[in-house]
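Inspection log for the structure reproduced underneath, given as structure tokens.
Chain nomenclature is as follows: A, B, C, D, E and F, assigned in order of appearance, with residue numbering initiated at 1 for each chain independently.
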């Protein structure tokens, strides 16, 4: 059987509770340097070890937006979300219960939490809860991600 | 006079309406490749010109989370936010009114919208509205960013 | 249903003819610069437009090893190969029928061609044919990739 | 108050002794790899630990031109220099009193040393001394940077 | 004497046994992150320390294709191969006798093994054996690389 | 013959007028983005097309320090300078006669201009003139680079 990495997916293809757990990535200095380089976020808590040692964190911590952005990529790369997302509508309910440090290994679990209708019958909103988990199975970030998808059959009632 | 790039800032140092307008950046292929590389977001609307040509966008568009992340960096790099942020509390009210394309030049305007107290008298929450604007002065993304800062004088009433 | 991005896979899990077709990537200047940067392959046919204009290719072409390396990544990232590969044994039968240029969009099709036994009953070799295809459905590179996998049941005859 | 990250600056806006002290950056392997990648400076004192161990430095040291280039960026990114530099005229009087190692944290202090006239009344030269300092407050590089700026009022005598 | 970095080379310019030994490079986290980023090869044996600790390798190992690609670059960058390669014909006889770990320093020795004729008298094939060696002088990868070169004098018999 | 990419070189090994001409590199957006990313030099003349269009340059130009840094790498990578440089002593006499634009192809010619003694008989200073040339054979940057090398025979008179 030949499968396609990314398929056209519709609102009807997702059930509440469906989800995907990504592979893991060990966060290194190189991730932080690449992130600060690209986004210009050189806040010293992330990039200046001397500064960071004197904060309550006692050392550099990983940029929150980097974890957020990687979780978006990690949850989508294996094909679970398909390639038919119409629009990214942003995030809700973000919480960052604990810091992530260089050397930690993170993975993400994305689960369908809710399916919303919109004013247009052919478009719905998928609400997925993204949970980023470290090597000690602790949650380090959680948020809801809102994605607009087409309905396969716009008249269908869900 | 010798000034410091990043200063210790307190809740009291920000007034509603204060803000900063960043310098501009022309978004290139190189930004998208670096973003997809680092975050694994290879969604074909951003990275596959053939796929993107057949969407309503008629071509590749810039990753929304890339714009978001760069706006965080651009608003902070010149020192307006100082270096005493205690925590990033996430974002609210994100809207993406129009797509950004390769070759567009974006800048960000961050403005203090609200100052919230917390249950702890020594910590407050600064709500800043980030507006990303392109070379035609069109808004391409807007969101509220929530940052926790210390109060200089915890007992002070604001 | 919660699925895992990468699963433990065994020789028995692959049938001749099984395969995966990756998503597409438009190759840009940024890919070539990143490749030359990391690997030191600054051969002027790839990096010097003036030199390349005077070759039979009439312009810069994409590094062959870059296409090769991306095809390895693209075929594996969506989980088809699992995460239980014991060793990479190299490649055989590489052919590069035509050049790839900046701006071309490539995708890869990896298909199980052969399952070989080894001297150890618990390990087999999976031979996959990788075919890199451009936006005109032309094959731009083809090779066989040899991967060692465990057998789930070493005594099983395949 | 809305401030702009980069403002138009004139010769008259700088006084001898004015300056800026940048935020700090901890130099990591990732900085050296990115530098060698981009500039092709793979001199083994910087990139080959085995080679470097046998030199008088007893290990890899950071590329001098990398420190130089980062100091240019660090001094300018927060807006002190504005965005109206007409030309970069090069550097003078560079000294590198001691090596910088992976893991060191550097910051730069740029101070106006001299204001020179040119043959054209509307253009002057700003000479800034850049001093790169490590986490032990030791100077690791110092040089004068020559920048051409416009005069706001060309007839003015300075 | 002014020499050129890359010269036009012909089949006749290479003798069996001629070769070049590259400078060394210490492989760091930054190399692996850059490689996974560019090629999408995030196989957890290379990028997930927790996963890798539980394999027979007891920790992350360097991507084989990264070593392969760097060896191509390292052998060519100093000019030994010139700039007149007509085509890369792929590799043969690859073996990877032992893993390479982060922190290892590798160099490559490329030696002319064989000169083959082709059906066209003006083109020949140079077969070079590439041997990648670590800081303990152990071979970590070996393969034959096939490059097509022009003959200076097509009628010449070799 | 097996040659080494980088050899131990001494003051005696360089004659006035000796030199090397590098291979060429076409400068792309990706080079500028990588440079700005790593060094934080986001001066809008280089990174903001809208800003740059309104300058005397009528568009973005390549960072001067990027050209400088690449010329250091390009001149050294092919082995002409060996690997026994004791210290980089900085540059003198820099001139930038014309701008370099995205799409230009540059190469560098480094020539031994002068051999200076130092107060220590075992160490000398090599002064090399670096000339960066574009695809129209125009000089775009020139400077003298000062490198300290050992003498093979400290007592020798040069």
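Quick note on the criterion: a residue touches a chain if its C-beta (ideal position, glycine included) is under 8 Å from a C-beta of that chain, and two chains touch if they have at least 3 such contacts.
Values in this document were obtained by computation on a predicted structure and should not be read as measured data.
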Most distant chain from chain F, judged by the mean position of its C-alpha atoms: A
Quick note, more Cb pairs in contact for A-D or E-F? It is E-F
Computed distance of Cα centres, chain F from chain A, in Å: 43
Go ahead and note the Å separation of the Cα centroids belonging to chain C and chain E. 18
For chain F, jot down the residues that touch at least 2 other chains. 6, 23, 28-31, 33-34, 37-38, 40, 42, 44, 51, 74, 77, 83
State the interface residues of chain E toward chain B in the complex, per the touch definition above. 37-38, 40, 42
If you look only at chain C, which of its residues touch chain F in the complex? 28-30, 32-34, 37, 40, 42, 44, 47-51, 60
Which of the residues in chain A end up touching chain B in this complex? 6, 31, 34-45, 51, 64-66, 68-70, 72-74, 76-77, 83, 85, 87-96, 143
Could you pull out which chain F residues touch chain E in their complex? 1-6, 15, 17-23, 74, 77-80, 83, 109, 111
State the interface residues of chain D toward chain A in the complex, per the touch definition above. 23-26, 28-31, 33-34, 77, 103, 105, 135
